[in-house]
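The first chain written gets the first letter, and so on, giving A, B, C, D and E; residue counts start at 1 in each chain.
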Amino acid sequence: MTTGTTLSRKAPISRKAMGTGALLALAAVLPLAITEPSQQNFLILILMGAQMGVAWNIVGGYAGQVSLGHAVFYGIGAYTSTMLLTTLGLTPWIGALAGGLLAALFALAMGWPCFRLKGHYFAMATIAVAEIMQILVTNSDFLEGAVGLYLPMDRGGWGWLIFLSKLPYYYIILGLLVLTVLVSWAIERSHIGYYFRAIKDEPEAARALGVSLTRYKLIALSVSAFLTAMGGSFYAQKEMFIDPGSVFAGTISIKIALIAILGGVGRLTGPVLGAVILITIEEYSRTLFGSTGSGTDMIIYAAMIILVAVFSPSGVLGLLGDLRRHLPGAKPAAVKTEKMEVRP
Amino acid sequence: MNTAPLLAVDGLGKAFDGLVANRDISFVIHHGEIVGLIGPNGAGKTTLFNCLAGFHTPTTGRIAFEGRDVTGSTPEAAAALGIARTFQIVRVFQSMTALENVMVGAMLRNKRVAEARDRAEEELAFVGLSHRADTPASDLTVSEQKRLEVARALATEPKLILLDEVMAGLNPTEVREASALVHRIHQRGIASIIVEHVMEGIMPIAHRMLVLDYGAKIADGTPAEIAENPAVIAAYLGE
Amino acid sequence: EDEIRIGVIYPLTGAAASTGVELKAAAELAAAIVNKEIPAPPGLVAGIGLPHLNGAKIKLIFGDHQGNPQVGATEAERLITSEKVVALTGAYFSNVTATASQVAERYGVPFLNGESSSASLTQRKFKWFFRTTPHDDLFVGNFFTFLGDMEKKTGDKLRSVALFNENTLWGNETTKLQVKLAEEQKFTIAEKILYPAKTTQMTSEVQRIKAAAPAVIMQSSYLGDAILSMKTYKELGFSPKMLLANDAGFNDSEFLKTMGKDGEFVISREVWALDQAERNPLIKQVNDLMHQRTGVNFNGNSARAFTGIAVLADALDRAGSTKPDAIREALQKTDIPASGLIMPWKGVKFDANGQNELGQGIIVQVQGGQYVTVWPFDVATKPVVYPMPAWDGR
Amino acid sequence: MTADIFIQVLVSGLLIGLIYALVAVGLTLIFGVMDIVNFAHGEFLMLGMYASFWAFALFAIDPIVALPLTALLLFAVGVIVYQTVIRRILKAPMLSQIFATFGLMILLRGLAQFFWKPDHRLIPHSLVSGNIALGPVQFGLPQFVAALGAVGVTGALWMFLHRTRLGTALEATAIDREAATLMGIDGQKMFALAWGIGAACAGLAGGLIATFFPIFPEVGSNFILIAFVVVVLGGFGSVTGAFLAGIIVGLIEVLGGFLIGPEYKTAIVLSLLLVVLLVRPRGLLGKA
Amino acid sequence: MLQVRNIQSSYRRVPAIRDVSLTLNRGEIVALVGGNGNGKSTTLRAVAGLNALDGGSVLLKGQDISSVSAHERVKRGLVLVPEGRRLFPRLTVEQNLMLGGFTTSDAAKREETLQFAYDTFTVLGERRKQQAGTLSGGEQQMLAMCRGLMSQPDLLMLDEPSWGVAPKLVTRIFETIQLIRRRGITVLLVEQNVHRALEIADRGYVIQTGRVVMEGSGQDLLGNDEVRQAYLGM
């Protein structure tokens, strides 16, 4: 290996780092420019979506285990921190951590049996687990069942993570997103990331190289669950009311996956881009057309989704990659085709 | 030094609901030995590999590796002990480059990415694929992919490597290169068991040959002995 | 400033869209009346328009919450901060009302809720939240009073009750209240069932109730499951002496249209009935306007949505200003007599928690394809048909 | 629980189970041939129900009489969906396929609401209204007819797949599309056929269910989860498996709901699914 | 019978064959040999219509079929038995053969070919109800060739029929190829077993990095020094 190639291999990383830095700086000052609360709220929704998508991507993208039941972790996060707050008066700083840990434990327990399943069977099993959980919570008196839980409105400030202004929420979720991206980035760069991709591509071959499928899939799922649950706790803090239908719902699971797929699965920034696009479509189609009551917003939203799936099956990042490859002067050596996942 | 044989297989049998793929197979492999494993299609060669590498749990019999009973261990445990394998139908990691494929193998012994990369570069050079290091594995030819699998297996620092039809589809010149590669593996002190239908590839280098037919071992001897063995001629070699 | 913007949040897509669209039509009628686009019958509270605001017009800005509490909150925030609405109303689903009104509370914008019945909403000690409709505490109480009255009237025992409620917030809260009141008033609960609203079959549910053989079923269902359960009763040949429904699906305009004769004799609590026009002519007059505009009559939901906007307009006018504090103060001072409403209420007057103290429920029964008021007996227009005839005896 | 009630519960479970099977066979067929999970299957069902409704409302054609029409119409819908959307995502990864059919699901719901309003509708009386009473056991005639329809449709589908040349060609395309092409089989046509038949099955299911179930744009969502459970339990791609699994799910749901509590009936069914998958990771009759 | 004119084809814009021209006369066996990854399979796939052409044309019986779809080419008598056999493993032997005859409307002819297959390979006849996936490798190859015959081809292309087949059976495979030719079918054969392939071939082409670099009669090529060195290991 010559020095030249080593350099060229490193160059894009530092360029990427610079890009990321610039993006982060932009994200940090954005709410100073966009001051209207509902616009800030819109940004927060994007960041929430991105955070969930990046977290999902760890198990669904890198490790290729398509979970369509991530709402279960989201819900566990939301309920744990809220219950700790309302019953024990514990601050959500601790509550969110506890929720994350509980979700990770739950992931271990659920992954153990579910990871025996492959492809669509695994996906269906995750849906089943999430639905069962929703039903159990709905019928649990301890968790107030379908009635849901209110967060106390008489508290506020950084100790309780409850604010009147949107700004603190913005920076908290931005921080959480950065944390989530950093975790995924660290995984991607370490042997774990390589193992995840190996498991996704050829599980049997990975085993022959000493990779324990169960162990690494469990790592993927529990890390992803931990981060997803933190997102759930954030939801509870932001909306100050949770019920099973809003945090354990199947539609949340689907949305989490959609965000990652839309941007480009198995890539660090894919879900962030996915969130920007999906949440924008979702919010604007609703605000522009939702009030008619004729279903127009759904039609537009759905049409956009289908168009993306048809014209850019490997996500928008994939599409951008394709475009770049078509540009004159692109070096074929720089082209790296990434398959999103293996069909079972 | 170490008196136990590298691998001792005793009375191994494997059945898939009703269909017996391996029956009562016993043999030993010594350190650094090159052993050919031949037999008609469906004789149970791949199944035997799967049992040795922990992919199948044998129905009967014992497998001992360096004197330790490893019957029914998992593939990852077998790999950790030092049994590496390639697949009859190639299974490279499609989304990774050739180098990254080998790095995954190297990570078994050293989880540090940079060091795994160095190790992988060595192994790629060893099988003659250095020029393809940054090529996506899916873009390699099938024979290159087979060699890549060999490099990947070697990167796990095995004591025994199981090669399943790495010469299939090669022309005679390429077969000779493959034979030379096997020989170099031998020189590194690694024992190998090679499943092959290409006699020209295996006969010249194998120290010993095992022959399977209908799941049972029908011969075990030097290539010269095997070539003369009437049972082997009748079952497999023909003419 | 001649346009006053009011945010209205309803489920306009998703499973409850049919109700949402109905509510939207009623709200629009109320706005048209306030804006004097339609001449209003004299006495109607909304009819005077906004003279204290120089005859300004109100403009309803609708938001679709899709049945999702987070979307409800998002819409509330958008309506307040980017659409600059001076007050909010909605959102039908109690859990969405919960999150949306929280947003209003934080921004200090009045939220007038016209049609969510979860009791907990007005137990939150909110400053900016007002509710015109009576809540489930009252409705459930009415059930038991009604049963007591019926026992006295018929001499029959109606002490064995099956609770049959859907399994979301509404059904759950209702069940809790029913259990509590049943215990207090010495009713026995023969069977208690909470079923998932989105279901494909209700045979196991109905089998269980049938096996328990109660005298009365108290049922809370949305439209789809209301229809499905009725079909299942018939399919399994089960008829209790009384089917006491908790509004919603059973009073939806679609219910009778789809059930036809099979919907007969269902008894349901209500907040509105056309036959109350006998006592309050406004009911018929405004209903005619509604019918002209949309082709359908009011029902409990749409009448409440109408009333919500009307009450808000009344407060706006008295406030004479679009400042939140002024509107809130005016809402607190609201005192509308029964004669200004299209509801069978005693009027509108909010208590310290923002709950209308003067609301009351009625009980109606389907007779001859109409919902007729059968209780309280003093406002009833027809006597109760009791017991409910068996399916093969109709 | 008395014997009478027990038998009644079993009969009810069996009937609804057969209806589940009917909804699921089309879904499993499409999956079996193309490896695509069609999230919009419930919406095909919904379209089938609306087709029956409009045939009844506009032309006074009974849903049962309209069945062939409904099937034909939905066959066309399936083919159109295939040609416009699915054909373009054949080579896409599983995730984008999920994405596309999910979008389709929302789209069809939206269109239904747009054109037919979100109202609930019902076909008030059909040829098969009414009840049957066998001693103490009672059940609805529409359910009974729908269950019969399930048996008929599944049987016909099975015969088609296993006993006709076209069916075998479909199966061959499912196993290895390129190899099938080398046999002179037009893969595109086969896929379109699979979507057509799958949608037509949903249409038939819709027509039969419309005789006793309310019709509204979101009605598919009531059935889709159970349909998935049935398909997975039976093993993706297995028509016989879906048939068996439908019956099992129906029985367990009604029995479990009756014995343990209706609020848990779905949870019981889903738990059953998980347990079965633990023992048989490819469902009851899934193909490797 | 077949004329391939300067065809080019690529995978993801990376060319696999750059310039391949072949001519096959009726009733010939023509061998296409070359090292690994030099584009033999790609050539066959391009001719069969599975891979798109970037340039050049394919003429079958004088007609340009370059833009005809793959399944249509089968109807016109051009059949490929692909690399790795590609049987339908969970279908029975009989169903596999029946699918081979999917395009033939002539039932009698289908029956006749089926009989030929069962007569020639008695083992297939014995196992007609067995799942194809459970046959041994050699048997699977026989089945794959017979399945190809069932479409009544004029031209049969075989991609490495001896791949992964026990030595004992390899001889059998090559005998079968000659048998096929005797039924009047033209054969285009790709083989790694260069020696045996050239022995039975009338003519041969050598392909290297996607280009035809040599052609001649089977015997000539066998005698050619370059060929001997590069492909026969001598």
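Convention: contacts are C-beta pairs under 8 Å (C-beta built on N, C-alpha and C of every residue); 3 or more make two chains touch, one makes a residue touch a chain.
Chain labels with UniProt names: A, D = Branched-chain amino acid ABC transporter permease; B, E = ABC transporter ATP-binding protein.
Fair warning: this is a prediction, and the values are worked out from it, not measured in the lab.
K.L.:
Starting at chain B, figure out the least number of steps needed to reach chain C through touching chains.
P.N.:
2
K.L.:
Which chains lie in contact with each of chain A and chain E?
P.N.:
B, D
K.L.:
Farthest chain from chain E, comparing Cα centres?
P.N.:
Chain centre farthest from chain E's centre: C.
K.L.:
Relative to chain B, which chain's C-alpha centre is the most remote?
P.N.:
Using the mean of the C-alpha atoms as each chain's centre, the farthest one from chain B is C.
K.L.:
By number of C-beta pairs in contact, which chain pair leads?
P.N.:
Counting C-beta pairs in contact per chain pair, the top pair is A-D.
K.L.:
Report the inter-chain centroid distance for chain C and chain D in whole angstrom, where each centroid is the mean of the CA atoms.
P.N.:
36
K.L.:
Can you check how far apart chain B and chain E are, centre to centre, with Cα atoms defining each centre and the answer in Å?
P.N.:
Centres of chain B and chain E (C-alpha means) sit 30 Å apart.
K.L.:
Take the average of all CA coordinates in chain A, do the same for chain B, and state the distance between these two points in whole angstrom.
P.N.:
Distance between chain centres: 42 Å.
K.L.:
Which residue numbers or ranges of chain D touch two or more of the other chains?
P.N.:
Touching at least two other chains: 110, 113, 118, 217, 263, 266.
K.L.:
Of all residues in chain A, which are in touch with two or more distinct other chains?
P.N.:
Expected reply: 135, 138-139, 293, 295, 297-298, 337, 339.
K.L.:
Two or more other chains in contact with one residue: find those residues in chain B.
P.N.:
Where chain B meets two or more other chains at a single residue, that happens at 139.
K.L.:
Which of the residues in chain B end up touching chain A in this complex?
P.N.:
53, 55, 74-76, 79-80, 84-85, 87, 91-97, 100, 103-105, 107-108, 111-113, 116, 121, 133-134, 136, 138-139, 149, 152-153, 156
K.L.:
For the complex, which residues does chain D have touching chain A?
P.N.:
31, 35, 37, 85, 88-89, 91-100, 102-107, 109-114, 118, 217, 225, 228-229, 232, 236, 263-264, 266-267, 270-271, 273-274, 277-278, 281-283, 286
K.L.:
Enumerate the contact residues on chain A facing chain C in the complex.
P.N.:
Against chain C, chain A makes touches at 36-39, 41-42, 45, 135, 138-139, 145-148, 150, 153, 164, 235, 239-241, 243, 245-246, 251, 283, 286-287, 290-293, 295, 297-298.
K.L.:
Once bound in the complex, which stretches of chain B touch chain E?
P.N.:
19, 39-42, 139, 141-144, 165, 168-176, 197, 199-200, 235-239
K.L.:
Taking the touch rule as given, give the residues of chain A at its contact with chain D in the complex, in rising order.
P.N.:
60, 66, 68, 113, 116-121, 123-125, 127-129, 131-132, 135-136, 138-139, 250, 254, 257-258, 261-262, 265, 293-299, 301-306, 308-311, 313-315, 339-341, 343-344
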